[in-house]
Amino acid sequence: MSKKIITPVASLAHILPEDYRDLVDRGPHGKSVGIKDLGSFKEITEEHPHCAGCGVSLGVRLALAALPAPEDTLVVGTPGCSFFALSQTALNYSNTAFGNQNSVASGLKRMLSIRYPDKDKDVVVMAGDGGIADIGLDMTLHSWFRGEKISTIMLDNEVYGNTGGQESGMSPEGQVLHMAPKGKNFKKIPVFEMARTAGCVYGAKVTIASPKRLGMAVNRAILLARELGPTYIQIYTPCPTNMKFSPADTLRIAKEAGRAHYAFEEFMTEEAAGRIAAMEGGQEVQED
Amino acid sequence: MNAMEKTFIRMSGLGGQGAVTAAHILGSAANKDGLESTVNPFFGAEKRLAPAESYVRISSEKVYEKGEVLYPNIIMIFHPHVITMGKCYTMPFFDGLQEGGSILINADAPLVSDEDLRHLADLKAKVYYVPATDIATKVAGSELSTNIAMLGGLYAMRKLTSMEALKESMVERFGGGKFVASGTTAALDDAVTGKFAKVSQMIEKNMELIAAAGAALTEFPLPGTKGGE
Amino acid sequence: MCSEKQKNRDTVAELLHGLRNKAFITGSEAVAEAVKRANVDMAIAYPITPQSESMHLVGELFAKGYIRDYYRAENEFAVMAAVHGAALGGGRVFTATSGPGTLRAMEMFPVWAGARQPIVCAFMCRGVSLPPSIQPENIEMGMLLDTGMLMLHAENGQDFFDMILQAYLIAEQPDVHLPVGVFADGFFVTHTREEMLLPPEDCCLPPYDPGFAPVPVFDMETPPMRITRDPLLNKSNFISGSANASWHQEVLAAAERARKHIAHFMGGLLEVENPGAKIFIAASGTAVSQSREALRMMQAEGMDAGLIKIKSIRPFPASELSKALEAADLVVVPEFNAGGWLAREIRASIDRNHRVIGAPRVFGGMTMPPWLIVEEVKKALGAGQNRGGC
Amino acid sequence: MKTGMLKISPGFEEIMPPEYRELVDNGPYGKDYGIGDLGSYKELLEEHPLCAGCGLALSLRLTLASLPMPEDTVIVGSTGCSALAFPQVALHNIHSLFGNQNAVASGLKRALKLRFPEKEKDVVVIAGDGATADIGLDMVMQSWLRREKITTIMLDNEAYANTGGQESGMSMQGAVLNMAPTGKKFPKLSLPEIAHTCGCAYVAAASPAKPKQLAKVVRRAILVAREIGPTYVQLYSPCPTNYKFNPKETVSLIKQREKDGLYQSKEYISQEAQAFLESIEVKK
Amino acid sequence: MRESSYKVLPGPEGYLPPAAATMGVMLPDPGQAIMEGESVDRDTALRAAALKLIEARNPVFFPGPLILWDWKPGVAEKATALKELAEAVGAKMIPMPDYRPKYPMINPAIEVNPNHPNLTIWHNKIDVCLFIGVHCHYANLALKIIRGGTDCYTIAVCAEAGHEEAMISLRDAGLCELQRLRELVIELKGGKNQ
Amino acid sequence: MIDQKIVDPDYLLFEAPRTSEYITGSEAVREAIKRANVDMAIAYPITPQSESMHLVGDIYAQGYVKEYFRGENEFAVMSSVAGASMAGVRVFTATGGPGTMRAFEVFPTWAGARLPIVCAFMTRGINSPLTIQPDTIEMAYLLETGILMLHAENSQDLHDMLLMAFMVAEKTDVHIPVGVFADGFFVTHTRDKVNMLPEDCKLPSYDPYTSPVPVMDMENVPVRQMRDPFVMKSNFISYAAHASWQQEIDAAAERSRKYLNHYLGGLIDVEHEDADIFIVTSGTAVSQSREAIATAREEGINVGLVKIKSIRPFPGEEIRALASRSKGIIVPEFNRVGWLAKEICSVIDEPRKVVRGPRVFGGMTMPPELILAEIRRINQ
Amino acid sequence: MYLSVRVDTEKCIGCKICITSCPEPNVFIFLPEQKLVEVNESRCKACGLCTTTCPKDALSIS
């Protein structure tokens, strides 16, 4: 973006509320900040109404902190819990109908490429498991098939959280939830594997308990999407409210999942691997 | 609007405080006492600590109208943030209060600004407060019982239902079986009932809580009234 | 004046009122000719009969460089969502669909309107399932009346061509800025070849400028940076109870404001032939053409008959109709659908509505012989049951 | 199927048109026919309005001849060329909407299971590439993920043929078709692999150029679906009309494609399905 | 001419009043402005606006994102002109930096939001307000909510086609309208003082 | 699960002893389905409908419903429901607002395929802007889909209408889907008294072989049948086939009038038949109007109520007759477009008598005072 | 009611793990000079997540 859209006009700067001035002075736009700098800059989400201990909001917060160029990032989302934090971000955020996020993003990305042929505008989809894997699965996959240069980030809480805890396609097999009163009777949808088959150039599976890796993956995904094609990140963001555990246990649950069904995984095409090597100079990110 | 005996109650709190459950218990109790009543929650999205409001209409005759109570006789404020941070569907929190109406606030002293107090005095309103969360924590061992303490305050303030009906209604609500709570409420229910070995123990504690909260109810003098400035 | 809005007036005048050349083309080709002159940035396609042909031709325009991006999406819901995304990005977009495609994408049309997107979509009306049919029928219009979208109904290929260009001009007015659906009856219009008048190929509409939009364009170049399209407007502490309602009222208001622009660019929401007549046929779309023949037959018999062609279905010309029908004793409304949505609109708009006969109704792909209309008139007048004039 | 469903009521034998009587006398119901018997019995598909040399019609015909139990098979189709042939098929078959065939089949299969708990009812989806891989992909995949016991057969002619030859997700990269006027920009969708990822117990790609292979995979797919879970068969069925080749070259084109390495038959069998197939095929 | 006699006057008009446009109020043609639902010439409207502002007990300007952020050439000049106008009027300025439904709430003393502008009007006891630099859709939302629930007199300085929902609305308004308004304010104030 | 005996529908609905329960609209749905002898239900979450389908899930787990699952989206759910219905079982589902819009294409196919599906619509606002609150606009879109549409005023109506809907839908001469509409939150989430039917009784089961179209089970004739064929003009089909098919669906809706009259006691309810002014409305707006009418009548204004229970078929004749005698009609609605007012205007001779409002939407409630103001205005 | 996380400044070593384990934005502020974190209590929802990750037990809810 032109830095000017968050530069207050000189003669009116004094009337801006403090949180806006804070954002102008200490926000991440146009600066090279990342997850490691959290706590030292004004985050682009001001506040949000998520439940205490919410994994989704932590996922949103970490992913937003890892955006390589927030000043030129547009987020497309869908109804669901993540909406509530995303709508408070100092970014352009769109939310239309349930499940159509990757279609909206396809149109948006292409139009921005027409209007700004010399600029990188990062179009990032951030949506829940219901939006991406159930109701929007075809639109998700088709944006990958078509090779759209967008990044798709799933905030996977393994449930329809916002409507009160129904089974989703990403719920683990056997889990008893609303609309699966006898337990879910099929496996978690292998979206990650599908992403590879469907033509994503890069994919990663990570939990909120590994913020550094999460940051690295988001960064890679967005930079690769700019150049090469679709990328996919699946973030495990457990939900204390609907999965009925204490809010303080969110990270413990995420960590356990990281050792079980949510072990860190990455895939990339050869071309993507080359780009990553060039970009990062072979640095490895290790989580404690 | 007409002569029948009619009390409309608005309960404003934050998600997880049990305003919806309190409304349910109160409405059911009125129903058990042979009165007519309806209970309406108004959810935004179900988020813990997001504003939550519920409405109870109690009347001697059949109540038809639905939706939020715009013109309440009684307003119950379950959380100070409703007043201090505007976490409320209605701004200001007393908007629409009928003349001669009452307000019950969960706090150890009312948090209302002088200007608002003057406005309430003009309305001939009464303001009460009760430290419901503190009492709930002390007596029932959990802040999750704030709603029951608020019902205790209400009972001491105005006897809209009998104590027996309130008790019966709580047994029904927490006793399992018939009642079905929606997602988030169900999760919290588990947390509440999980604290007690038996439902009967929980009900006993709740009755104790109602009494304790009732005893702690205090009326706050408004400017221009007896005891006020 | 400080206003700087006089730019490019000339191409608009030339396109709408300049010299034109004859062409013998189909309705689908007319769509492509309109899009060629509409300076469209992006179009997205999905096949469905009888619309496919027009979007093939639009694809060819892309291959020739008239359009800057174009692709086939995976289904109509996805198409309408992607078009929405493209419009968010601040460019001029076009798409088209038909019947079942319209219904598949149904959820998106109120989204366009609510989001104040000046999208132009051509609808080549056809029957909807079940039973499946690919034949002409405009029942889908009856379902779109309350989506917030403006709706223009083309009588023929010439209308179709003109209305698509006019649609962009109306849709993009800053005080309107709503989607416009341009409807034509499938096959009857899309596949009929007839003579049309087209403006020169070397002139096109001025480009769309998203800077005039009543909502911020979505490009991280326009303030405010913090913008949600579209917000969750539930009543809560941070939203007033009437914010959602006011938003909807503003969408209705925008459609009202369109009347002025429709009058300017299209010469009115309806056209009246033989004003003051005692008997009127009121129709839209292909039914107008059928009615013209019926009118000819009735006038040949010496009947005092007139015709009202309704061009704009949303906004609906209720007061214009009321005025035009003041002296009429009988209004016959022929329609190409079973539900009779146009007759209902007219009945709800005028007084003494027992004057309105909602017939003939033809559907399932059948054509509407003009004598059927005449017969309805005669039946209503109690003047015999003959198939007069046939 | 009820015995008697195909018995003409007494006294009506004479007035029934010959094709029905033939179906009664010489149809495939309750008999163990396969494609080897084609030509010697009355086929389920009477006639159809599809183009000369249509690869899809050939695949459809061979598929219908390979049904292991036509008398208890219900077919769910979708919009497209094949829908034009279905009204002529002597089986219960459903055309609902474009792309929702697997959702309809899911409800149908479960309801038939309720009504006929003791009986096998084979629910077979037969639809084109647009219906299966584009507009209906979500519902196709979700039926697999839910492990619905249905068989999905794609008649892949690599285009939207019924609407006049548009590019589909199954078209080859670079193919110039309507709606892809500068050539298709992305590769043919690898649906067999996706089916495999989604947990189909049996997945196969075949073509009518090798009818016996086609018959074998269709049969296997239906039998596995009955016992184990969802199955998928993709039948490459070239379209002379929209790909503009001579109708007589339909089969040779497949062979050529195979030679050029652009088409290959495939089979993915889960362990469970493998064991099951071995058990029944050995028995036979 | 419009057929309706609907007047756009200060409220509170009621629970959910209809949009003025659906009651027959039309936007002005170029060169014209709109006053309480009627089309008038631009200068009449400017003069009326100036009068309203100087007669106000507590006039407040609500500058929106299009004039708050220095995002394109020409904005700074307009902003300066607005600031000078505010000084001439003696008006306070309360910004509308963006349109989001802000969680958990706005501080009505220092900002205004299109989803509940009434809070800011009530809190600050504003009797005349002036909108400028707000995207038309959001301006109309806010103006209507104000008319529905408060008695504030609304003035909209619009760079596009104007607003029926405001009591006085200019169209195609830019730098020179702001300057002209300031001149009028000074003139009228002078006139008053004499 | 308790044992249930099959009883005569008329006994169940009109004679069986009822007990009063203090429950929400969502719970009333569960109670109705429990007694409806439903074979299969399919669910997808959407506020404010989710809760009712959770509860249907619970009674599935208890054994009252034989099959139940969560589909992947509303379009798929409605398609799967169609599949199940074609296979000859009694099915139920529910949705609301955006879900209705997502599945939109399927509704006319239910009608066209003559499927006796019963679907509950918990109406809510649709995008944009996004909202989850009550609003009846989705009903406007569905008017032409061929499904029958009943509009419940409250939980009692919702409960009774669901059971009646199955009975009407499954009549051989009707056999088209019925949508039972209830205003989201206002009905679904309101706790009120509902008079319940005995728990140990249920409706007779659905017999698919009474259907006017063949069931898809390879167990009934003809063996060669397609549901539903392409009916378009070609050498072998006439256009008239398609048109006649549509007419038959309209005819089926007409035939439903007599059954609806039987079960609902008329398509409308009228209170104060001799009134000068009528409030004519449906759904929750009826409840709000009752309060306004009570006050107005105390003030001496002769105002009556027309509660419309069936929107499709529409009680045009009934309303026309009442309208001709009244001096004014007020149509309060919970949507922005006023679709009910339009319906009413189009069936009466003098639309100018009709006050097309008040209209409240966007999740706001409708204070009875708003309706009262209109009554007083007209009375002058 | 006014529950919030509190930092024991004696124990805090400024490792910042709490910052990336908090679902709420702008709650923890890192003070580089003191190598400490500070809490914006009005933003804290007291979920306690951070207390489970702090390696020095420097955080508690009270």
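As written, the chain order gives the labels A, B, C, D, E, F and G, with residue 1 at the start of each chain.
Going forward, contacts are C-beta pairs under 8 Å (C-beta built on N, C-alpha and C of every residue); 3 or more make two chains touch, one makes a residue touch a chain.
The structure displayed is predicted, hence computed values, not measured ones.
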Smallest count of steps, each to a touching chain, taking chain B to chain D: 2
Of B-F and A-C, whichever chain pair has more C-beta contact pairs: A-C
Chain at maximum distance from chain B, centres defined as averaged CA atoms: D
Chain separated most widely from chain F, comparing mean CA positions: G
Interchain centroid distance [CA atoms averaged], chain A/chain G, Å: 24
Centroid spacing, where centroids are CA-atom means, of chain A and chain D in whole angstrom: 39
Whole-Å separation of chain centres (CA-atom averages), chain D against chain G: 61
Multi-partner residues of chain A (each touching 2 or more other chains): 2, 5-6, 46-52, 79, 83-84, 87-88, 95-97, 134-135, 137-139, 142, 146, 162-164, 169, 178
Residues of chain E whose C-beta touches two or more other chains: 16, 68-69, 71, 97, 100-105, 116, 119
Touching two or more other chains - residue numbers and ranges from chain F: 47, 50-51, 54, 58, 69, 72-73, 75, 98, 101-102, 105, 109, 113, 127-128, 130, 132, 228-230, 360, 364, 367
Chain A residues touching chain G - in the complex, by the definition given at the top: 35-36, 38-40, 42-43, 45-48, 50-58, 61-62, 85, 208-209, 211, 240, 246-252
Residues of chain E touching chain C in the complex: 3, 16, 18-22, 26-27, 30-31, 65-66, 68-69, 71, 97-106, 114-116, 118-119, 135-138, 140-141, 144-145, 148-149, 160-162, 164, 172-177
Chain E-touching residues of chain A, taken from the complex the two chains share: 2, 4-12, 15-17, 20, 46-49, 84, 87-88
Complex contacts: residues of chain B adjacent to chain F: 1-2, 24, 27-28, 31, 36, 38-45, 64-68, 70-71, 180, 182
List of chain C residues in touch with chain F within their complex: 77, 100, 103-104, 106-107, 110-111, 113-115, 127-135, 139, 142-143, 145-147, 230-235, 241-249, 252, 338-339, 341, 343-345, 347-354, 362-366
